[in-house]
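Below: the structure, in structure tokens.
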């Protein structure tokens, strides 16, 4: 119930604080016999890791994963896959400024209230560093989901928004620039804006869009565990996420039924896809697409007023190396969570007697 | 895994098809000793039931709940609360038009593909009629959550949007009009628009906003089971929902950190509330508020083209009595799901040794 | 967590007190397309029901099950199967003798301590009447488990023990006598003994053995969810059960490895079956067999001393119609629980990608 | 569903093969603020580890645990406790004799059938080496369960049985001899017998008894999750266990109700304790005691016939360093599993609103 696991049949449990000894996790339920390409796992870790470009945090973490079990002679065995990522960058920092004071819009205050005390080093368990474990598990899930294509990309940074529909774009272009926006001209503007925001000692939010293609019909469970409900939970569990919409989303709420209904072609595909590939909570074989809103990073390099444990007002100056905008590094995390959801529902769907 | 249960420690499991014999459910984990006011449960059912006003479906269902267990001498006993709502309106309809054809943007097609066949009467299990059971359980959860106030209301119908902030409104006004919008002048416009849409044989979407007040600090679990992630899943599991955002939501993604950060007062409250009452997935004692987007109802009274089981194009004419806009009836469902989430996290939080 | 559900993918949740309005449950996860023979379900209920013979309680309960959902045109739909068994025998009894006093070796005392109060009518939720719902679900699980044969029978009553191995007996004979022992001569002795015990106003314990045949290889999960561990939990959850052993059981603990090891035939079957059809927690295709020990029923028709809520010593005289020996009626319950375990593991096993 | 986790609110998930890189696990749900005495954890590991005495396997494994998260400044933080035990003894063995052949009464055959292949090194995941992780978690659970005393001991080896009741013995004596039997005279006989069995190249089974004292009233959930049902599952999940009984156990099945009922003293304690401290699945404050039957270790140092993957008969000679009798090392494992069950039910019980 403590919420450190995700999934049912393909289940990830994670552990680890940002500045503790190591992060890691257990992937339980991964079927036997999947040949694992470890380099693809590392590739996704590299897409998430700090220091990868000029517009992300300049912390240095190699983020190398070590597998301890569940893989034998290059293949999964069906037993739990234990893995560890050592924290190499956790040398003696000075945390005195956050030990007794609460950073605004961080989890410091609520952790102290909930648990009585907290591991104050770099945010402890509430740090987004935890998502490295998700990326490992998601990369394995991707390898299980042969044929399914999962592509996330940045669709807005601050007020700079991608207006084009994803179907007009080559999604592979997202990986050709450091913002991870498939419209390279727009990516360039976004990059400039992020550089400027950093200079101001400020941060900015953004949106990540994800497209999942070649999904078989029938994934998702009716009622409470609708496919999009679980995708929504998965995305909202990522640090800094404030909203989720799929298919027509919030925009669909101002449409009429006569516009919004997706009419069928004779092969069961639909002429439009306002449904976003999901009807009644179950995949219908069309593209699944959704948007995930990220708030601006709470740690800014400007002086802010806040309170300490005694409830006294204090001044706080952001320290350390932080992201001015989180969305470029969030792209592989969104993909990983999507992969975890799809892997889980694939196994649930497989359990049906036929 | 079949997704007919919600919650962990306060758990609702539901059963029932829209035109089967009865709906119902089991509430497991409700603590002992709670005095149940049955009239309040019925009141919420009445807020959801068909036929309650001129702008909702004119089907007649009394939606009376019968409790079979778990309540003794007016109080909960700590054992499971079984309940049943009979379907009194399930007389021999003519379903021939949907038995072999797939209604656009309904779940008919994916049910047939997933299960091999389906209960085609009125949508079967995919009908929003299932939410009556949620309202029963939510009404009990509300009675457990003494002190916490949960108020949902309609904040948009089509393009008619409530611009005022909820803090400027008397939320109790929402129950004084049939649209359930607390701005009564706007409610009147919304009502007119829904009547017009109905005349066109069309439907329209809308947005429900929910405000939860007096929440204790500490509800929610870090990492995967963040409070807003579970609220998001809960809302996305409601029929016709396409999006969820809390606090600053999608709008927050275009803000800067220096604007968005909620600075603390000396008592631990915050001067602003872009966080929406939740930081790091844990309630911070401020108001929790979120928005839920509903698509237009898929059943329209206009002729549409679709396909039958054989993949042949056929014409379909909407029949029966359907909602032109679902949001007025969705208000108590949103509240019920919020109550279920909060009840569950309250019990999880209680389990901590102190 | 309140423990009113059993199973993961084939999950039964039950509700109902012995003298409340009704019992019932939800079976969630039963695959679609199974043709249900309702008469077979009723047959198992009749094997469990009170009043079925001269050596069981003479209470009258028809125990007729009404299905409310999940079955359409004679087949399961894949949606939850809701069902209800009305309590027709719950007329105004006099419970004054147990309302404020604690029956020895019953759950009255611990319920009062755990929940603050209890439904004192006939034991409430702690009554074995709850097992009627298990029998319904088990009977459906049996119909899903085509090919697998589950036969339970009485193997001891008090000190009268069946010495023959089950392989020497025609297990079908168990249903030809009211004790449900496949050795009909021994059954007659057991019956006489139970009649004598009843005359004494006393009760006696016994053992039920269960044999499961034609189980496919591979059911069960290594480590915590070993097949026999889940079978053990299932059996120990039945009222009055004190012990569980499978294969060689407690007797195996005094054997040597050189005797106990089951050597393989060339087809993978084993020459002996001390393993009881399970190796490392996983079925190996041989017969699964296990023994379940039941204590004597706690309600006796003799005067006993006990205490009341105030901790004062009081005398208590057993009232009502109770079983002198529970094992004849426990046979279908043991079968039902075995069927639920096997159905669940069958679906879990099906979820493996191949 | 893959069964590598145990518990709900206090949950252990484990990973690791016997001859892989490392074992370990995650303890999720351990409350914050518990001061951890690491030496007590190591002490329990030492009681389980190979090579500790002349009558156990002479393999050398230091079994040192390294904590990676969830502990800060000597106290638990409420976040998941990740830990690793390196396998230092996994040097290049010769596994050719078990790679393609199936050891009798081991899990080799069923693993191959279930998963398609297996990690054949030393039994892989089916090895009892996995229980080291359970001992770590159990030792932490013990430290959470202040006041509750858990004492397991050996009560039989082969046919040598402890006849005395546990109440007549000083249970602390169990740790004064290498067999772990509190009757030191009998322990000496047991030790001699195990030495003799080892000389024969054979193995022998035994029984472990466990006594849990000072348990608060109210732990355990009615119906499916009865306290003894979960204890039974916990014990049956330990490698080589064939049976479980609590309180009067199998012996109780031949008793009469008039003998077996536990009459109350005025303070709510009972004059006898055939119930074994549990009534209706809920602890009643009396001592909980139960017995766990272990089969003889399947690996013997004698030549046995078996089959290979091709179904051909082959001869197999036991190799390596194995236990002649598993019960002395099983004592801390039984305690650990009991502690895990009690920790979980303590948190579940805490979650009740009062």
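Letters are used for the chains, namely A, B, C and D, taken in the order the chains are written, and counting of residues starts over at 1 for each.
By our rule, a contact is a pair of C-beta atoms (placed from the backbone, for glycine too) under 8 Å apart; a residue touches a chain by one contact, two chains touch by 3 or more.
Keep in mind that what you see is a predicted model, and the values were worked out from it rather than measured.
S.K.: Hopping along touching chains only, can you work out the least number of steps from subunit A to subunit C?
M.R.: 1
S.K.: Out of C-D and B-D, which chain pair has the most contact pairs?
M.R.: Pair with more contacting C-beta pairs, C-D versus B-D: C-D.
S.K.: For subunit C and subunit D, let me know how many angstrom lie between their CA-based centres, rounded off.
M.R.: 26
S.K.: Centre to centre, by mean C-alpha position, how many angstrom separate subunit B and subunit C?
M.R.: Result: the chain centres lie 39 Å from each other.
S.K.: Calculate how many whole Å lie between the centre of subunit B and the centre of subunit D, each centre taken as the average of the chain's C-alpha atoms.
M.R.: 46
S.K.: Where in subunit A do residues touch two or more of the other chains?
M.R.: Residues 1-2, 4-5, 8-9, 14, 32-33, 78-79, 114, 116, 125, 222, 348, 351-352 of subunit A touch two or more partner chains.
S.K.: Could you list, by residue number, the parts of subunit A that touch subunit D in their complex?
M.R.: The contact residues of subunit A facing subunit D are 1-2, 4-5, 8-9, 11, 13-17, 20-26, 28-29, 32-33, 66-70, 72, 75, 77-82, 84, 114-119, 124-125.
S.K.: Which residues, counting only subunit B, touch subunit D once they are in their complex?
M.R.: Per the stated touch rule, the residues are 1, 9, 31-34, 78-79, 144, 222, 346-348, 350-353.
S.K.: Looking at the complex, which residues from subunit B come into contact with subunit A?
M.R.: 1-6, 8-9, 14, 102, 104-107, 109-111, 113-116, 125-126, 130, 156, 158-159, 197, 202-207, 217-218, 221-226, 228-230, 232-234, 236-237, 239, 242-250, 252-268, 270, 274-276, 279-284, 291, 293-300, 302, 304-307, 311-313, 348-349, 351-352, 354
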